[in-house]
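Look for chain A in each of the two complexes below; its partner is chain B in the first and chain C in the second.
== the complex of A and B ==
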């Protein structure tokens, strides 16, 4: 068969069309001078709807700016963002989770907002709880404005407690007996009364999120993941070992689910479960009665983990000025009052207001006051190194060995530290 | 399955005339696919060896380090561990799959009622999407309330935490993957078995061969080209396994094969340079193993026709 040489002539008209199209769109863009911003979030459902409403309101106030709110699932949020930044298609602004913030700051992916914050007195930065800002400050710079200040507390299933005939955590709290020994004993009692359920756990279904629940127990017995300046691993410190040994015992006697057991608090088969306010969204249709209490206290007092997330402007943004404006709008007291329904606000003026306490239809104000507001003062934000993904992975990889019934937890955690320490150098 | 050796008559739908205009139309039709293939497939493949020569941790800019990533692999405990897990995984998966598929094909190669049902039942996992398959298994293999351990409990045996305990996790993954894929190989073997001429079997019987002699000396050699093909395809498939392992165990230590390791380096640690290097390692392993098979085939594959 004879091959015809590929001629380029037929492509020419197409080419010309394309160029004209490009020119035309460029011309219209410059005529309107409208700035389009992309704002990323991992919010879904009502939280996302609220953000979209806020973006529309902002657009009405600033007719030259249009904000597109884009939702990316949390599990792939950092992946997508990082790849987009590297590919030169970075969003302009968006949410940043506390555990990813150091990595973004280290790679200079976040813009310093301190100039704007200082120049605008209505930002009222002093209204933010000091603990809420530590993560976002570096030197004199402010690299994000927190919108969520969410301590981890304990959800408990009232029905399972009633069936076991033991005092509830709320009752124990009132008697000042709500400590980790009581947590462990209650879990065992629940398991005994309801063999098809579990008493409670400090771990999450997703092993890579182990820190979320067990850190509170570590803090309360004097343990931690790192030392203060993040230069040494503290996973083998006495307090940490105690917390892990407790979970090992509970898994061994069956009062806590083993790794990989697909049981959730919302299923009604888990007596106690540590999580944040946002988890209550999954409990709107459950058949059992539940309530919340602060995390138990331990030998070194009562401490919990403070989950945080902030608004940031990405340095890849082509419109940093407008993006900063939008972030400032979202952080203003008036708007934070509205987002507080989903995220406990870091602005003290809102956190302590009655409007906030009555904002969650599922949790009574008294419980919210005890579990959220009172806990905030003793809560700690988790500050991690930029390579947290690698460090976290070491713990996840060793988790099965740590919780094995026959394991010497101290030895296993020594091993974990011997793997983590080189990563901190 | 019957095979038909008479050539299929071709309907000549290709226009003989029309010259380059009609060719352009054809090209336009395949253009969207070609663009996709080039941008999303061929481009990245060509970029990977180049990327592997850079220290490129997203979102920072790449830095040239030559063969640094490859040197790092030699001392990286995680990667060396992954190589070992991959070896175990392949050694368990490929022979199990092939032997089981062959056994099932032999069982189903007799004429009996209801065989259609068994063939369908064994083949049906092949059409289930892998991730859905793995998700179901994650529930079946739960430590306390999973189906497997509940049934074992009825027999008085306390089952292990299948997907998390070190030796069991890899075994569980292999079993789950073998059940998913064995139907395909079984079907291929069934086709090959039915292709073995009846006269040959008859001749073997007349010569006094018993059934195992007939199988090992006559049937198996005659279907060796098929076995060869399935071994290679299964081997490559095994080395490529990622999604089911990730869904089942999250790529824990016990099951962190090289593919999982590559994904972790690339999309968890964002170390794209190193992940590119690892993908070359996987490619080289596949190439070497296939090449070795190809060399060995002269020893054991029987080609007559």
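== the complex of A and C ==
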């Protein structure tokens, strides 16, 4: 044997070094492959804790991915994301509010998830209530997966109704008499019986969120904010005027709090208040009895606003594959069952399940069924133009004028539309 | 007669002083009420705050809000961040403002006026116009999600520029003869600055310190854009995170946190009040 097999050759120091180097670089390469994802949300309290727990669980299942959940104040959420996206450090995935979705979609900031959704049959997209997807679909693309499907309904204070000696909204609903005339009359009766309290309101403390409650009344009278293709303002349509005139009358006679007056339902000084399931979290320690009913019906039927928010993957993400994986994980039926305690789930299989109906310790299943599930069919998602922030600002600026006791609501809303129409061109 | 007149005069003075204090007291109410209310509300439960919004005295005093903000939220870390950032910003602003202000007021060098205008422009440009390029710059430097941009943008932004401007204006009002006399006595430039000018600028330094501290303490936009994790947040951002799962505000916690976040400002103002008033009066006299 002339030549010795290589394996018997003692390794030269140089070789050893090279191999060590190769091993070392392989080790660092695999460490670098660990992907760090940023997930943004405006959730606080227990909602934030749940998201953080879910991120940790996801990290355990996918050891190469680490998800940081970042909580951003809701009022500044879009501002922060816009600057970060423009500055090239976009978060990878996060919550998107219904009102901002069109703006993000218009600026191509959201990733199309349809490819992933179609390729993964376990996403069960057919399980989502069709109305929950309208906002997130554009052409064949799917730009977000809703996690919250939350109709606005009416909270009422049983004690104040009892004191006024009038039938409660639940009783009126059973007699099919739960309409806006009854809402207004009940509010007046409560004010009369409890002068320190207010009968009810469709407005919110935050003026920029004016649409949340009053839209239901507008829809039920045939009104709206825009026409179907968002090209004309409908704030001066007969139905809208009717809804605003009702609130003006109620503020005038004192049965509804004035604009800017800090009265909350949780204080026990407000007979009726329109909000979503998540608000019940603020009622866990109140001393009065309360219940929920669907929004009243109006001349054009019973409609309400469907609050929505979705998970999206931002197109600025450097790890779109992993970010999509995380969003798919959050949207899976198993996880949505857990987030359902805060957010009514858009997956029909969960929404109608007993587990969901019994998940809220504060609201009895029967009330939840009536106010949430039965309302969903008549509920509409608010579809807005990409410059919604500007449009909304016009209404907010004019609110004081519209609700002045001496104001002609129709004239004021004509004025609002003359300011909004140019923004829609 | 004379005695009578004196008695009348002194009793008149008592009455007019009484009226004076009464009016001042009444005028103080609108300024004091929100602060006192905030403190009172921070001892109430969330529902009680809105039950009778104007009531000052809580039905039962409870400190749980204060315990919860420290226990359930990273409030202590946020508090520390705000304090240390404000102190660093204040000290650096003072050093840079005094040195640059003195330079612009007393030294002669080419392009002085142009550089002064350039410095002032930092004060004039709206932050909206700058935010995206600045953000890109700090990203390039790899400093996003650290406190450095927040500190630097204060020191070299509007706050720093205003400090330079204020110090320069103050040094301009001091007679040049002071410098000359000191030069004759053998002091160099540094000695003049350190031993003569700086002690004379104390009221302006205090005023500058107060607004630098205030600007840093209240800065909302920069921390919002640059910081990503709650532990890194400063107080103005932290105050907005006491919310329910969908962002509804827990007012009792927010007000307890607000109460604690106003304390350092009150303290700083109380300590520096005399100097601050002096500097205001001083600037009036010189005009």
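In this section, the second predicted complex is superposed on the first by the 393 of 425 C-alpha atoms of A that agree within 3 Å, B and C clash if a C-alpha of one lies under 4 Å from a C-alpha of the other, contacts with A are read in each partner's own complex, and residues count from 1 in each chain.
One rule holds in what follows: a contact is a pair of C-beta atoms (placed from the backbone, for glycine too) under 8 Å apart; a residue touches a chain by one contact, two chains touch by 3 or more.
Remember, it's a predicted structure, so these values are computed and weren't measured experimentally.
**Q** Based on the shared chain A superposition, would you classify chain B and chain C as clashing or fitting together?
**A** clash
**Q** Between chain B (first) and chain C (second), which does A:262 come into contact with in this model arrangement: first, second, both, or neither?
**A** both
**Q** Check the residue A:83 against both partner chains and state whether it touches chain B (first), chain C (second), both, or neither.
**A** A:83: touches chain B and chain C.
**Q** I'd like to know which partner A:239 touches here: chain B for first, chain C for second, both or neither.
**A** Neither chain B nor chain C is touched by A:239.
**Q** Comparing chain B against chain C, which has contacts with more of the residues in chain A?
**A** C
**Q** After superposition on the shared chain, which partner residues are touched by A:208: those of chain B (first), chain C (second), both, or neither?
**A** Touch status of A:208: first partner only.
**Q** Based on the superposed arrangement, let me know which partner A:276 touches: chain B (first), chain C (second), both, or neither?
**A** second
**Q** Look at A:254 in the shared chain and tell me whether it touches chain B only, chain C only, both, or neither; answer first, second, both or neither.
**A** first
**Q** Quick one: classify A:286 as touching chain B (first), chain C (second), both or neither.
**A** So A:286 only meets chain C here.
**Q** Per the contact definition in the header, classify A:393: touching chain B only (first), chain C only (second), both, or neither.
**A** In the superposition, A:393 touches chain B alone.
**Q** Would you mind checking which of 4-12, 76-84, 112-120 or 148-156 on chain C runs into chain B after superposing?
**A** Residues of chain C that run into chain B: 148-156.
**Q** Quick check on my understanding: which residues of chain A belong to both its chain B contact set and its chain C contact set?
**A** Comparing the two interfaces on chain A, one with chain B and one with chain C, the shared residues are 79, 83, 86, 262-263.
**Q** Of all residues in chain C, which touch chain A in the complex?
**A** Of all residues in chain C, those touching chain A are 45-51, 53, 72, 131-132, 135-136, 139, 144, 220, 224-225, 228-230, 237, 240-248, 250.
**Q** Report the residues of chain A in contact with chain B in the complex, numbered from low to high.
**A** Interface residues on the chain A side: 4, 7, 10, 79, 82-83, 85-86, 107, 109, 196, 206-208, 254, 257-263, 316, 387, 389-390, 393, 396-401, 404.
**Q** Within the complex, which stretch of chain A touches chain C?
**A** Touch residues, chain A against chain C: 38, 42-48, 50, 68, 70-76, 79-80, 83-84, 86-89, 148, 262-264, 266-269, 276, 278-279, 281-282, 285-287, 309, 342-343.
**Q** Using the touch definition from the top, list the residues of chain B that touch chain A in their complex.
**A** Touch list, chain B to chain A: 19-20, 23-24, 58-60, 138-139, 141-145, 161-166, 250, 252-254, 256, 264, 267-270.
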